[in-house]
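Submitted below is the structure of interest, expressed as structure tokens.
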Amino acid sequence: MSFTVQEIATALGAAAAGNTALTIRAAAEPADAGPDELAMAMTPAYAETLGRGQARAAMLWPEADWQAMGLEAAIFAPRPRLAMAGLTRMLDRGQNFDSGIHPSAVIDPSAELAGDVIIGAFCVIGPRARIGAGSVIGPHCMIGTDAAIGAAALLRDHVSIGARVRIGDRFIAQPGARIGGDGFSFVTPEISGAEMARKTMGDQGETQAQAWLRIHSLGAVRIGDDVEVGANSTIDNGTIRDTEIGRGTKLDSLVQVGHNVRVGEDCLLCAQAGVGGSTRIGNSVVLGGQSGVADNVTVGDRVIATGATKILSNVPEGRVMMGYPAVKMDGFTETYKILRRLPRLARDLDALKKAVFKPNPNE
Amino acid sequence: MSFTVQEIATALGAAAAGNTALTIRAAAEPADAGPDELAMAMTPAYAETLGRGQARAAMLWPEADWQAMGLEAAIFAPRPRLAMAGLTRMLDRGQNFDSGIHPSAVIDPSAELAGDVIIGAFCVIGPRARIGAGSVIGPHCMIGTDAAIGAAALLRDHVSIGARVRIGDRFIAQPGARIGGDGFSFVTPEISGAEMARKTMGDQGETQAQAWLRIHSLGAVRIGDDVEVGANSTIDNGTIRDTEIGRGTKLDSLVQVGHNVRVGEDCLLCAQAGVGGSTRIGNSVVLGGQSGVADNVTVGDRVIATGATKILSNVPEGRVMMGYPAVKMDGFTETYKILRRLPRLARDLDALKKAVFKPNPNE
Amino acid sequence: MSFTVQEIATALGAAAAGNTALTIRAAAEPADAGPDELAMAMTPAYAETLGRGQARAAMLWPEADWQAMGLEAAIFAPRPRLAMAGLTRMLDRGQNFDSGIHPSAVIDPSAELAGDVIIGAFCVIGPRARIGAGSVIGPHCMIGTDAAIGAAALLRDHVSIGARVRIGDRFIAQPGARIGGDGFSFVTPEISGAEMARKTMGDQGETQAQAWLRIHSLGAVRIGDDVEVGANSTIDNGTIRDTEIGRGTKLDSLVQVGHNVRVGEDCLLCAQAGVGGSTRIGNSVVLGGQSGVADNVTVGDRVIATGATKILSNVPEGRVMMGYPAVKMDGFTETYKILRRLPRLARDLDALKKAVFKPNPNE
């Protein structure tokens, strides 16, 4: 894979300068770059390390003085991360999976695979499963009965797609993603301590220990177009209807989405985030790493939960949330500053008490 | 799969009314229900959406006016989630795995499989492993040397059961569950900074950086009857004896149970909960989503930890816990309310200081 | 597998006493020990339970009165966990994987496997992958194109090693570990609400909802010697350069390491810990269970984060951290003590306000 500097600039819609016929085979950090690698030096701090590498061409910020950096050519990126999206798409060598259908794969005769689908070694494709045109299914994947995957999917290895799961186009699943495990839903014959504590905000009352009865998952999972699911993440089946992930939403590694959850469009769920059962997440929501949303709550559009935030109740649209329990970020910051002053406040209070309630020495 | 309204009511021990000979093929939310689907409308709010679907029969609350809702038949569920357990068990279509032993499976000749066991494609069954009657092992499972699984198990795909793990009857494992990875246990030749900090509550003293030596896991995992383990959850081997999960306990997705832990009976460990090494969890304990329990502590029977609670020390039986570090829920709530008032309290304190310690204008 | 008491003592560099020719076949807790098992009784509390088992030999603390315990032989361990490391290594029966290369494995002809490598059933080894001498690759593993694993590795089952990942010697991976999933990196065409909130500490301004563009991972993962990765843990590929894990570092189960992260040497990342993208972790750092480190921060050498600590900004070397957001442990403890007194402080403040600002009864 190689491109000229000009080809890359054109693909990115970016300006270029110098010897734009120079051939580029890969991207590199400035200090590591070889002579045919494009150095990513989109800030002055990165550009200062160009001298430690051998780059002849670099991606720079607009109006950077590329010639003073000793470069032969440059591409100018007004929005660096946007340029990275275009560039990395061009240079991605991917996993290099074999083409065709591996002879070891076990494919039910009733499965419908588009003509150009790639199926890796040791895949299992169940009855009536459907896989759209141009999709690549890596080794060790399991596609269940009646599951449907759209066009141009990329499943890495060891991915599970349960029975009756339906997925849109351009789906990406990282290794070990599990779509369509059963929901976690149990009930006791009589009211349980956990139910009672929930109603009373903390008191289990006279409830007795009981065995749990399982509520089975009759629903599956429905996923829109352009969704990505990270390594070892899990999305559980719904109870009666499907759990839903909206178009354009991306899940990082080790994310959990519970049964009946509805996640909207264009959300980001960062690593180890979790969403409790039957919760509704709006569009363009960002859940930071290790954040959590309780079950049965509603999170509005464009809400942002910073890392490790725990949302325990409904959040109106547009809020930036932080803390456990989550509050608006500015409220969290204000409280937190006072918290840090608490030891001094406590001492001040003691001094005040002494001054105001001082024992009368004459009595 | 289909049942009459009467058959369902009888199986649930519930009362029915109307044309109970009506045939039901599936359950559905009221607004989505087709004419042969039973609408789940166990609250008035759900019942109001019946008109948007085509249901002719519904599961309702006792004494609901089913005829006014335009229904032909109804089942009355005094405890809705309990009825859901029975109904979903009847209507669960499952994963539809093939029957028999798939010819691709690699089964050690010394393994003992009951006659009717189902083994999916690409399974590996180790020497002397035993699998009980009626068990279903999905594709891509690994059952280790000397492992034992009881009767009527259901393992979805990609499940790992390590060597010497012993599991009771009616075990359920969701995709990617890992039972019997090695415990995480390391030691330095001399006392380490972490050990020192633990003893001194925060001071590493003069300890030096050192390499870690591995403590191997000689124990395995022992699991009682009627246990379920969620997708991509992990239960580690014990060091000398087995890690233990008691009868009737259920683990959600992405849960971690460390080495030597003993979890009692009838517990619920919700998604992404974690239990540190050598900790003891009583019976009928509920650990909410993303909650954690430190290593080497004891959690009494019937303790409930709400979502994201972090238990760092022993908890007596029956407590409802919240917070990080976890405290009793009512104490958490009281402190939390004051926390929200902290900015005002700090202002009040400033005003008091000014009033009490005011500079004497005459001096 | 069996050893005499003397052989074990010699291997551990420990003193022994009594009939050191006694044969030991396994280790056990004192109360469970059979006559040919070595009882682990390294504290008086454990030794008191010796009578409930049948042990004839025990591992004890120095100068313990073994004869009064009714033992025939004893080994004395000055540092119990260190002795455990040596002993458990000797007695580890492991997973008992088959030797040789399983005929079902799909191995690219260009892969380079050392002569004595063990490859389990249903493994996939990609083009030009290299596996060093003495390595054991369990069933269902996927080793990607151009990946390299050093000598003496042990991969349990279902492990994923992505394309171009490079790993040192003596690597251990527990079941379901995922090395080299793609990083989680997205950008919007125009500035997004999340970017704006980050800059303004909480205000999304007039930003609009937009679709996410993917930044592909051109880098892979580079791992030093003597690293262990726990069950279902995930280490993501770097964007331009590799994500790095230093020599001697150990990851527990369900740990997440984001793209571009550099973890130093001899670190411990306990279960469910997470490290955000581009963060730098020093040497000999301990991240407790469920702890997290934000993206783009630097954590110095020998930092210890206790369980559930959330590090949101840079931490200088040697600190012991606790809380969310993380602060020094002694500061956390001080603040926490006052927090517990808050309800009383609030009442005191009310009393002061009444006393100081009392309404004048004469007005």
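Going in written order, the chains are labelled A, B and C, and every chain counts its residues from 1.
To be clear about the criterion, contacts are C-beta pairs under 8 Å (C-beta built on N, C-alpha and C of every residue); 3 or more make two chains touch, one makes a residue touch a chain.
In UniProt terms, the chains line up like this: A, B, C = UDP-3-O-acylglucosamine N-acyltransferase.
Model, not experiment: these values are computed from the prediction.
J.: Have a look at where chain A meets chain B and say same if over half of the interface residue numbers show up on both copies, different if under half do.
T.: The interface is built from different residue numbers on each side, given that under half of them are used by both copies.
J.: Chain B and chain C are the same sequence; what rotation (0 to 180°, nearest 5) superposes their CA atoms?
T.: Resulting rotation angle: about 120 degrees.
J.: Centroid of chain A to centroid of chain B, CA atoms only: how many Å?
T.: Between these chains, centre-to-centre, one finds 22 Å.
J.: Find every residue in chain C that makes contact with two or more other chains and list them.
T.: In chain C, the residues touching two or more other chains are 104, 122, 140, 158, 176, 232, 254, 272, 290, 324, 339, 345, 349, 352, 356.
J.: Please output the residues of chain B touching chain A within their complex, sorted ascending.
T.: 26-29, 32, 40, 79, 81-82, 84-86, 88-89, 91-96, 102, 104, 120-122, 138-140, 156-158, 172, 174-176, 226, 228, 230-232, 248, 250, 252-254, 266, 268, 270-272, 283-284, 286, 289-290, 301-302, 304, 307-308, 318, 320, 322-324, 328-330, 333, 336, 339-340, 342-343, 345-346, 349, 352-353, 356-357
J.: Which of the residues in chain C end up touching chain A in this complex?
T.: The contact residues of chain C facing chain A are 104, 106, 122, 124, 126-127, 140, 142, 144-146, 158, 160, 162-164, 176, 178, 180-182, 184-187, 189, 193-194, 197, 201-204, 209-218, 232-234, 236, 239-241, 254, 256, 258, 272, 274, 276, 290, 292, 294-295, 310, 312, 324-325, 327, 334-335, 338-339, 341, 345, 348-349, 352, 355-356.
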